[in-house]
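Some structures are shown below for you to check.
Next, two complexes with subunit A in common: one pairs it with subunit B, the other with subunit C.
Moving on, here comes the complex of A and B:
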């Protein structure tokens, strides 16, 4: 035995004390005696016995009161108390138990019985002690685990919910089921000042569901900021998740890309509830339905990243949610449902905040039943380009090296035109020039406009006035997809950069294989068109960003000069 | 003597207590005297609670040294005191007095044989 167990014998009868002490000592325990209740309490404090043999009937403080005080003082520690009493009166035994007695010993004392009781109590005491230690250990581990999860959540939130979500035209509600969230909401601006928003819902909840968020967020932020197109981002995300997630795990997702200059939204929905687009002060509704498989299910060869484009005028609103809202259950198990969702969205007074109404309705529906799924709700309002908050200024390390005078020619042939988006690459090359970095957004916009004009109107020969009709955008993009399939020709970029001290210019020439157009009459027409016409917007945008635009030849060649000086900032 | 004390129990005690057996007997004689005195005093002053407690203590100690008959009388006295049966107390007190005298003689005898 590692330690001799200390036992206190409290009895006002000296004969009994003497007898008990002798028996207990002979069993290998250490003994101290108390002659009455008051003495017993004092001895308990000074001697710290691990077990107590206690006479119930004593003058002064009786055994019952002593037992109560000892138990209170012992707290979480288990100090067995054996009452010394003749087992004659039932109600007296009951009082012993109520006072905290753990066993009884009756007279005349029998050493075998007492030995058995002491052994049993000692085993109980040790078990209790071990249990207490293990409980403390578990508590400690749990606290540690929670602390680690909280630290991980801080990292996770930085990745999953960072970006420019704190802009006034995007409202969000994200309620995590556990510490981690199976839902993911990402938003970022690309170099052309388009805002990309990705809403995702991973299968499952908690940590398992959150694991896929990291690579998805990395791909989304990285590729958006480099100027990749939505389809390209989705394809990469699908490829990565499909390779990484275990079988049966996937991510329902919806990617929307807002072009504030053109007043359009490009979307792709794979497995999420339909998004609802409210136009013309809520008079017309467009449903952005899921037409694709969620991310992470099929391989790259079978993945369809085709996006759709719809118009979205300033003030129009887009509401998206994960199925947590649709499937939110009340106490009786009834789901909130699509109907309620649509009724609130469609029936809303334009002056009333749809977002707040939906939020209230869902929480009212759930009541105190407790949520089953992660609930994420997003509302985005289209704004005018000038209402966009200025982009966060990325600190670019000053570099004195870098090219100062160079030319670059880059020609895209049919297969490249069909498959690849050259903009990220070109942007990347141009950003090697330190002076151009603070103009990244403008340059990307100029490149994007020039490229889409050369490809769509030049090589593919599409008529941009198609966009003016009611179904214009849909028709236009259908025609574009068709034309791409058997495209012939080329688009060539020529860049010339001239830098002199604090000022410089980038001259971009784009030539396409198309038939050209009557740019002289078109330019004069542009002077008179109303602001709202969709076609021709690109050209106006180019004019606002560039020092000069010059069409040449039969109209299949255009040269723009992008100029800057340090004073511009 | 055998009527007053349970000799087999006493022999067990002798083994258990080793050299302290005689001490135990001495303590019993001293303590039983005190408790008996206390019981009488309590009865005279009409303190029934104290009478009950004294009878209880004497009962316990007597039981432990094998004075079975005395322990039974003490139990009856204790019970009479608790139930406030004043008419029954003198009779039981008398029985305890007589039996205690016998027991004490018997204990002395055992004590001498140690």
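Moving on, here comes the complex of A and C:
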């Protein structure tokens, strides 16, 4: 049996009061009596009744005023008030309700009606109570959830939006729809000082969208820092996401890799709106279109990680966005659209910041409609290599006084040349030598240049002057992909390391199976080509990093000496 | 948002027509359209003539249907796309997975 309901009966007529109290008590309620309005208010505080039967007309404080004060005092709690009245005028009865009465009961009392009304009021009171408990419970859960989400967001932000984003040449706008959003922006630098940026947009919003971010970020940061190529990172990310995300969930993504030494950007776009590359003070536009399925849809066998390379000179800018910006809606539900996006980007005055203009235009379009999607805008400006901020140098080589001398050979055969990128492995091995660690970036760059020369110009026999034509880069990489398919031959690395106290040198010899080239005339020709020509840059880069470069034999063998001393820092 | 499904008289083709906004709100209805069938159609046709908007969760629903219909062996056509819808489908390169007219 539930608790007995406490009822207060307030009536200045003793006879009526006693009569009513008797009936109510017989119905199983607990009853207390108040003799007038003042008494009723006092009893309300001390007795805490759950229902009040209130005479409308009483001396002193009348029933209407008592009802108002009781309702005010009860606050959120529902205390039903039933007016007891001999009034029959419609507007008098209406006054009872206006004052806060929930029902009225006409004198003389009819037992059957009284009983029905008490039961009805009790049911309402019970329902109100239950609703309030549930509301409190929901409020509590919600607060708990928000708190958990905030903690998770802190973790999430560290993963999803960390990295190199605090460099001046990368500008971003990220507006979350909920606490979590489906957009992810990652940036990291590889050992050769290339900057990789990955912009992603997971299906949906909120937690489902955010959950895929963790493995994606882990793969991106881990593999970029180890020196893996964009295609290799994408393939791994696709494999992981496809295995992990439920069917129907995927991640539209664009990965761009900036090579500041060569002035190129390598890109892959799977499902994001086209990126726009602005060249020559915005006089020419190149669209980086989506050519691929988003990440996480098809298996490894059907996934296409082919990237494209385009030139990008210092000062050129790349603008990327997720579809939130295209689909941003105004009050009438009209989308911002591709046309507006392209118009603003294409028609921009070079003196006006495109990024700011887009941002303004999108926010003006959305207006106060309050509809907000995940809007992420990224603008990256190509800079000269010397303008790159110094990399965070987490590993400073300890001063080693001993001497060391060793040699390592590594030969790549056709299957390895086709399938794998040997650089991360070689870099990993070399970084086991403490003295080499503080030169990680330079060594990786040297390895990358030597390897691509040996593979592309040696084994595959591609001509780098192809790159200088208008569609050069595209043609070149198409030819490279074709040649890779049926390549024959080898690339052989030979490392000799000599360390003597604070000085040392790493001598790298690379030999390929190609026919070689006339390096004497080629080197003199190089002296006469401009610094900005797109081919021949690799050679200049090698020269700037190495103490010496020497071609041998028919030109299919090259030896470089990378030397350091501790004083170089 | 309205979805209607119709099996061809020969019983081997199911046409699902989507009208209005094709987004997460149509998730359950879209699934019912092909899961509630007694027969197993050989081909699926998604008619988007009346669909004026499609979002990424709708793309996800199309992938689910494709999976249900046999994955790489599924025959799913998407027909009568408006230019806006077509654009969304081609940005995601869905023509690699579906026949789109």
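Following the convention adopted for this analysis, the second predicted complex is superposed on the first by the 524 of 569 C-alpha atoms of A that agree within 3 Å, B and C clash if a C-alpha of one lies under 4 Å from a C-alpha of the other, contacts with A are read in each partner's own complex, and residues count from 1 in each chain.
The definition used in the following text is that a residue touches a chain if its C-beta (ideal position, glycine included) is under 8 Å from a C-beta of that chain, and two chains touch if they have at least 3 such contacts.
Every value quoted in this text rests on a predicted model; they were computed, and no experiment measured them.
When both complexes are superposed on subunit A, subunit B and subunit C end up sitting side by side without clashing.
Once chain A of one complex is fitted onto chain A of the other, the partner contacts of A:323 are limited to subunit C, with no touch recorded for subunit B. By the touch criterion defined above, A:154 reaches neither subunit B nor subunit C.
Figure note: vertex subunit A, arms to subunit B and subunit C, all at CA centres after fitting on chain A; angle 80 degrees, rounded to a multiple of 10.
Within the superposed three-chain model, A:270 lies in touch with subunit C and out of touch with subunit B [touch as defined at top].
Of the two partner chains, subunit C is the only one that A:203 touches; subunit B does not reach it. Contacts of A:419 after superposition: neither subunit B nor subunit C is touched.
By the touch criterion stated above, A:290 is placed in contact with subunit C alone, subunit B being left untouched. In the superposition on chain A, A:501 makes contact with neither subunit B nor subunit C. In the superposition on chain A, contact of A:248 is made with subunit C only, not with subunit B. Per the superposed model, the minimal spacing between any CA atom of subunit B and any CA atom of subunit C is 62 Å. The contact sets of subunit A with subunit B and with subunit C never meet.
Within the complex, the subunit A residues that touch subunit B are 12-16, 18-19, 22-23, 26, 55, 57, 59, 86, 88, 107-109, 111. Residues of subunit A that touch subunit C in their complex: 201, 203-204, 247-250, 252, 270-273, 290-294, 297-298, 302, 323, 327, 338.
Subunit B contributes residues 9, 13, 16-17, 20, 23-24, 27-28, 30-31, 53, 56-57, 59-61, 63-66, 75 to its touches with subunit A in the complex. On the side of subunit C, the complex with subunit A involves touching residues 24, 55-57, 59-61, 63-64, 67, 72, 87-88, 91-94, 96-97.
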